[in-house]
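Structures are listed in the sections that come next.
Both complexes below contain subunit A, partnered by subunit B and then by subunit C.
Showing the complex of A and B:
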């Protein structure tokens, strides 16, 4: 377990900013416990310092996870967010999309969201911004990337994609990546 | 019914009424009797009549009326024809109109018609009797009596009387049959069940596949005999023969290895074993635990009900459990599940965590955590504060733990994949609480995994027990006993097995190997643990541990023991303690509350304190007594140099009275070694 290097930190935050914008600093400067980012075998974990200290006694080979896994670095150095980061993303995200009940299951299977399945979207969502997907009861289901900005969404045909799927909670069951966990 | 009616039709010759009391009245006989009637029209019926007229008439009336109603039901079709036909078979020369018409109705058939024509005469008879009774008197007896006079003169019975006589005989026949039956059943019940011997069974075709019904009935018979062995046993057969046959029948019927069934028989009595085996064949209800980090039970219940799930709160002792009766959607795949609002967990699995009762901002270790149900419950109770270290040996299963922890929104967990026995060096004395849900043989969760019935042997059970003992010692070593004041320094040992070898024996072993104390687990709804088993005797405080059974609690078979660590000393290893023992003794206030005792001890001892010198220094296994008791002996309070106590294990000095407070909580019979005098306070 080691802290992130400069480059890695930059890549990570670039990604997070897509979803959270300025709120990223809230991850760093928290009122309650201080949290930190740690890297264990290409995976980035966001963990409180107390928990992190407790885990230092465990060797790298045996350690499976600490705190919350945000995602992992790919071999080419890009950062990929995992569904496990949903909790923090949904707390601080700026752009949200609400689904109709009929489209809920489709998204949970890993499909993109079409305009017909979308109930609401926050105003002035730029294109390709990170959005969190909620269901009708305000339960976060996953996140994705807005395919169109809000204005363009209105003119879109019903079967057009409004949100490109990135991750959804159905992956806990599907285990999309075998090495997700 | 038909028989009776046909019998009514004919006139009954005297010989018939005399002798043929039991003869079933068939139609053939009816025909015969009809013929006879014609022949013996003027038989000596009159003689009979006079003797038993009154009785017969009484009965006749009753029967007539009864039969009248029956007639109405079934003979209504034939009534017309009855009345029409007349005179073909007239026995009576009764002058009275009533009887004549009745007779005519009754006799108004030829032999051929006798089969299907049913007289309606009873109705008319009844009506006429009623009418006449209005005219004359209310007593039907007298009415008929007047008839009889006429009959006497005619030397024949009245139709009514004849039928009454028939009915009489029928009734008597029935009565006798009933008595016989009663005698038969009583004799059946009181007859001694014959237990087939091994030879008999072999004779009767050893290769025959015994049908389950026969096995079941034999099992029930043997259980009945064993229930009251003294009086129901067969002569010359020993109890062990019955039990052996029972064991083999049960293992065949339910599909277990015979040694497992014998093991259960040794733990439960015969009838309880049957209940246990039957309960292990049925599934337990599906239970769900609400994740209070993300949802409330009420909200979850309502959102699940909207999806069509029928559910109920689990039990009064759980605030987070929900029992699912029926669900049109898969409970493990609803959006609420995926969002981490609840976790599928059995009711029994919630108990160890409830017993552990972790508080916020503590350090907790879960030594055998996959797939993470108990770990997440611990984190939920700690409200995401503190640190939880979740360990498991197998990486594959531990990945499921990681997934579950993430899904449920747990933030304070660290997962690792190590052998629990080797955790010790890095984690010694560093945890406030430890949960060890030890890997076991699974004899309590047979309803989930029926392959256990044939795959687990007693050898497996013993192997598991060995591993569990090692893990338990490692868990105790990981505890920090100094946190006892805040309730820390305690651990919970639990298994999903009902075997004594994996439960009480393991805990008893730990009692002799570490300085620990069994504490009340707080689960009042379980059965107390055994303090003795076959020839083995366990520490009496094992009665504070809890057992759960599928046939009693409708939960998986489970065992929970809560253990408090008193110090780091390992009994038999250290000689330093003699000086410290004095301190401990003088400190001890003599009550059984382990926390107080702990406090006193810890306040005195900064370093590792030796276990009480009562422990045998020679390293022999001594069933250890509650530590408080020993301390109270008046002789020791003032000693400068404590004497060696190894031989004191069977001391006959009764402990002081104050200690028995906690024992009231348990129903377990506390056993003491033989040589020690039984105390008044023992329950």
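Showing the complex of A and C:
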């Protein structure tokens, strides 16, 4: 377990900024307890300071997870967000998409969202911005990347992709990666 | 001593007694209807020689319920079978190499099984099979005595062997041969098949190379005795010296060392092929294996040479690529990328990694070989100094990311917009036209191409179209001159 280097912090924040924008600062500077980012093997964990200090008593081989796993760094140094980060993303995100009930299952199976499945989208979403996907009852289902900006979405054909799937809550059951959890 | 001779010895010694015993037994066996089984077992038991007399318990008589046999059995019991030699012991035969004493004399059943006590238990007193209900006691002392006798005799025989003195006492040297011959465990090796040469030599009566070759041979050049084969072998120098004579029928432009190496390789290959063919004839290899292995070899060797199909040009720097399927080596010319990479590698190919080498004109900057592997300062996860400053540093990084440091910047860096003008490459001549913005198009129609380019660069170009039979076209660019565009119509000839 170690803190992130400058480079790694930069990569991480670049990714988070896509979804949250300035709100990343809320993650860094919290009012209640101080939280920090720590790296265990290749994974980035967002963990409170108290828990982090306690976890240093556990040996490296036996320590699996600490706090919340935000994602992991791939071999080439890119950062990939995991579904486990949804909790914080959904709190601070800027751009949201609401799904129709009919399209919910499709998204939970890992498919992209088509225009016919989308109920609402926040205004002025730029293209390729990070987007949180909610269902009709305002429950966060996952996140993705806006394939088109909001204006272009209006002119899109019904079967065109509006949100490219990145992670969804169904992955907990589907088990997409072996070493995810 | 083989088992049969042991039996013979018995016969020779005491013909009468043994003969009586035998005759009795034969009578017994003849009278019994199911005699085959027991006769075999009794005969085998008689001839069965084992380590110690204890095993000659196999001379156990099978129980026979016939009344007549019982009477005969009593006769057998009464006969004294022991042959006493000296000291009341039976004479043993020895296999000293195995440290073995064989007492092949018959065991006295009367003494072995104490029938006086057992008689009362058994129905007829002659059963020697011990049942849980009717236990038969074996006279252990008798057995022990017999073992004792055998041991004594063995030791006395060993003492008779030739001894030699040593620091641990007298050591007897055992005979070099085994008395008892044990049969083979594994089948004998198959006879060797004849090779082609051996067959030929047999036919022609050519004897085997009787005279053994000496290991060392006199070498003229060094004036010493050198080994006939191997490293620094005798008389090998002719092809290894830097000067080789051109012989009469020789092509003077041929590489003589190449020729030598070729000749050596083909000799080695030929030898190998012949060996493989011999084995094919013998049957240890599948037919055609030698051919398969060597058919391509020579062709491949020729191919890689000058004059072969895959000619590798000399003088030009080339990188060699292997075709994965065929394994052929194809030369590919270095393009810009590979040349750059080669230059980069060359720059640091000195002992001090290019640190003290003078720079030439136009040479790009020297990069360290593994720039990404920078040494990191160790930061403890829980150190207070780290934890407290973490938030500030994080905010700093975040600000830099938000203010134009993020994804967009990465893309720009990749496109080259943030390149610093410090290397020779950055001082390329810039004619202001923006070469990268001009995209080449395939020229289908010469005239239309000219018109298109004309439309693209309306102000600044001068185009000269020179045609020789439709084949040659050249374009001159100048950003200073504005000239009349002349499009010469293409004349077909």
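One rule holds for everything that comes next: the second predicted complex is superposed on the first by the 181 of 181 C-alpha atoms of A that agree within 3 Å, B and C clash if a C-alpha of one lies under 4 Å from a C-alpha of the other, contacts with A are read in each partner's own complex, and residues count from 1 in each chain.
Please note the rule applied: contacts are C-beta pairs under 8 Å (C-beta built on N, C-alpha and C of every residue); 3 or more make two chains touch, one makes a residue touch a chain.
Here the structure is a predicted model, which is why all the values come from computation and not from measurement.
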Requested in this report: With the two complexes overlaid on their shared chain, look at subunit A and say whether subunit B and subunit C clash or fit.
Outcome: fit
Query raised in the report: Touch check for A:164: first (subunit B), second (subunit C), both, or neither?
Result: neither
Report task. Give one of first, second, both or neither to describe whether A:36 is in contact with subunit B, with subunit C, with both, or with none. Result -> second
Query raised in the report: Who does A:10 touch here: subunit B (first), subunit C (second), both, or neither?
Result: second
Requested in this report: Classify the contacts of A:66 with the two partner chains as first (subunit B alone), second (subunit C alone), both, or neither.
Outcome: first
**Report entry** If touched residues of subunit A are counted for subunit B and for subunit C, the larger one
**Finding:** B
Query raised in the report: Which partner does A:51 reach: the first (subunit B), the second (subunit C), both, or neither?
Result: first
**Report entry** Where subunit B and subunit C come nearest after superposition, their Cα distance in Å
**Finding:** 15
Report summary line: As the complex stands, subunit A meets subunit C at residues 1-3, 5-6, 9-10, 13-14, 17-18, 21-22, 24-25, 28-29, 34, 36-38, 49, 52-53, 56
Report task. Sort out for me which residues of subunit C touch subunit A in the complex. Result -> 376, 379-382, 386-387, 390-391, 393-395, 397-398, 400-402, 405-407, 410
Query raised in the report: Across the complex, what residues on subunit B touch subunit A?
Result: 303, 332-333, 335-336, 338-341, 363, 386-387, 389, 395, 398-403, 405-407, 409, 411-418, 426-427
Query raised in the report: Quick one: in the complex, what on subunit A touches subunit B?
Result: 47-48, 50-51, 54-55, 57-58, 62-69, 83-84, 87, 104, 108, 135, 137, 139-141, 169-170, 172-173, 175, 180-181
